[in-house]
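Lettered A, B, C and D in written order, each chain numbered from 1.
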Amino acid sequence: MDPASVVETTFHVRYAETDQMGVVHHSVYVIWFEEGRSAWLRARGTSYAEVEAGGHFFAVSEVHVRYLAPARYDRAVTVRTWPSRLGSRGFTLEYEVVDTESGQLLATGSTRHICLDREGRVTRIPEAWRKVLASVDRS
Amino acid sequence: MDPASVVETTFHVRYAETDQMGVVHHSVYVIWFEEGRSAWLRARGTSYAEVEAGGHFFAVSEVHVRYLAPARYDRAVTVRTWPSRLGSRGFTLEYEVVDTESGQLLATGSTRHICLDREGRVTRIPEAWRKVLASVDRS
Amino acid sequence: MDPASVVETTFHVRYAETDQMGVVHHSVYVIWFEEGRSAWLRARGTSYAEVEAGGHFFAVSEVHVRYLAPARYDRAVTVRTWPSRLGSRGFTLEYEVVDTESGQLLATGSTRHICLDREGRVTRIPEAWRKVLASVDRS
Amino acid sequence: MDPASVVETTFHVRYAETDQMGVVHHSVYVIWFEEGRSAWLRARGTSYAEVEAGGHFFAVSEVHVRYLAPARYDRAVTVRTWPSRLGSRGFTLEYEVVDTESGQLLATGSTRHICLDREGRVTRIPEAWRKVLASVDRS
């Protein structure tokens, strides 16, 4: 991982995200990863909304999560997101979720994406988006 | 309420639907009402998917829920759905959620809907759908 | 509404919160209201986690939402929350959701709460929490 | 996979489970897997609620999903669940999600679980539950 490619976003755990075990339900981390992706693109000065506006979708083809410690209601959590592999028709993103205050690592994971057109066919990632995905913030 | 217009659908409470209070999170009932609507249309031999395929949306303009008793993980719950008011551009549906086995009433509520076209403009409910919404099953 | 009692919290709309109509699903506003409540208590220097740690729950007994305009993916939305009625065993909170940038009002609503003890019995709101709920920030 | 160990459960895709891509959001499959687990235990004549009532939790330590084809609103989907590995303190379950009518495979995946006690410590799976997890229905 190139530290310059990591984007962090922080938010509070919502009550609705907990389950009767008293901790955040494991499905929620998949949504947090997605919010990490959204934040990664916002940090690059764009938005996934613009990908779709241009007629492309970065569909999720695979997701993997490892749960290390429970997240709890109202704690701040930080999602760290960075790209790890970039192909012509797809890419992979990596994630870490940490408790913001303590820095404790709560979960790690990854998502693989393929580029689809409006008809749902796999297609090449448009060059402009390849540049964004390959970019590293050295500012 | 005309008993002939009531449609029931039954399913198990999902673990993900609970929260750390140990009961179903209150936002979930809004999703259960929607599943009640879907079942109501399926019982009429159609699907809300066909409403959208025809270029219309029955957008929710208002929702109201009263919570009477908690729902618990893995219990069967039954949602009872029926229409209560039908106008030219909108309609209201009513709901009851009961514990299937005990019959205990868990929640009641209603949703108001307005008919939109693809551009998001309020429009008249197509006549074919008005007939479905006004129909009562006397079979 | 006393402006001094209003607390605002702002976040981005998550992709998972949209539905196939292309806008935020109506059930999500109930979760946003809850996040508004959490933020309201945080702004008072406390947390709903402390309510529960003390053996009490502010269970939702009723929710009402009116939808005025659709919310869209990746837009910033602001939830404004304020208390409107405070009884010995319950209270009501009011909400507005606005598009942060344009200020457009997207939804309004309210939630009623009753105070429960660990056994799920309705009980008086502890005096310390009544003071918090009655407080208005004049700082 | 021993066919006798596979349990199937079928339900309709909920509207709230779709996203603005027009298909089911990828996080939902994690919840469907969990519903597959619940159904697997119900088919064994018990319930995960009884695991927790006995003071144990089968916490998810890892989840993996591969998405093969999109699921769509109001279609019936079937989740097939079976155990694949059983250790002293944990076990793995495997899943397939298919479109009920066409039989098309929509997703595959797995979850790993560790047994926790009420204090959140990893502990041995109680013998009674080991027997359930090892059981195969030859009826």
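The rule is short, and it goes like this: a residue touches a chain if its C-beta (ideal position, glycine included) is under 8 Å from a C-beta of that chain, and two chains touch if they have at least 3 such contacts.
Computed from a prediction, not measured in an experiment: that's the story for all the values here.
Here the chain-to-chain distance from chain A to chain C, counted in touching steps, is 1.
Between C-D and A-D, more C-beta contact pairs join the chains of A-D. Ranked by how far their CA centres sit from the centre of chain D, the chains are topped by C. Taking each chain's centre as the average of its CA atoms, chain B and chain D sit 27 Å apart. Once the centre of each chain is set as its mean CA position, chain C and chain D turn out to be 33 Å apart. Computed from the mean C-alpha positions, the centre of chain A lies at a distance of 24 Å from the centre of chain D.
Multi-chain contact residues of chain C, defined as those touching 2 or more other chains: 15-16, 20-21, 27, 31, 34, 73. Interface of chain C with chain D (complex): residues 15-16, 18-23, 25, 27, 73. Within the complex formed with chain D, the chain A residues making contact are 20-21, 26-28, 30-31, 34, 52, 57, 59-67, 70, 120.
Residues 11-12, 14-16, 31, 34-35, 38-39, 42, 47-49, 72-74 of chain C are the ones that touch chain A when the two sit in their complex.
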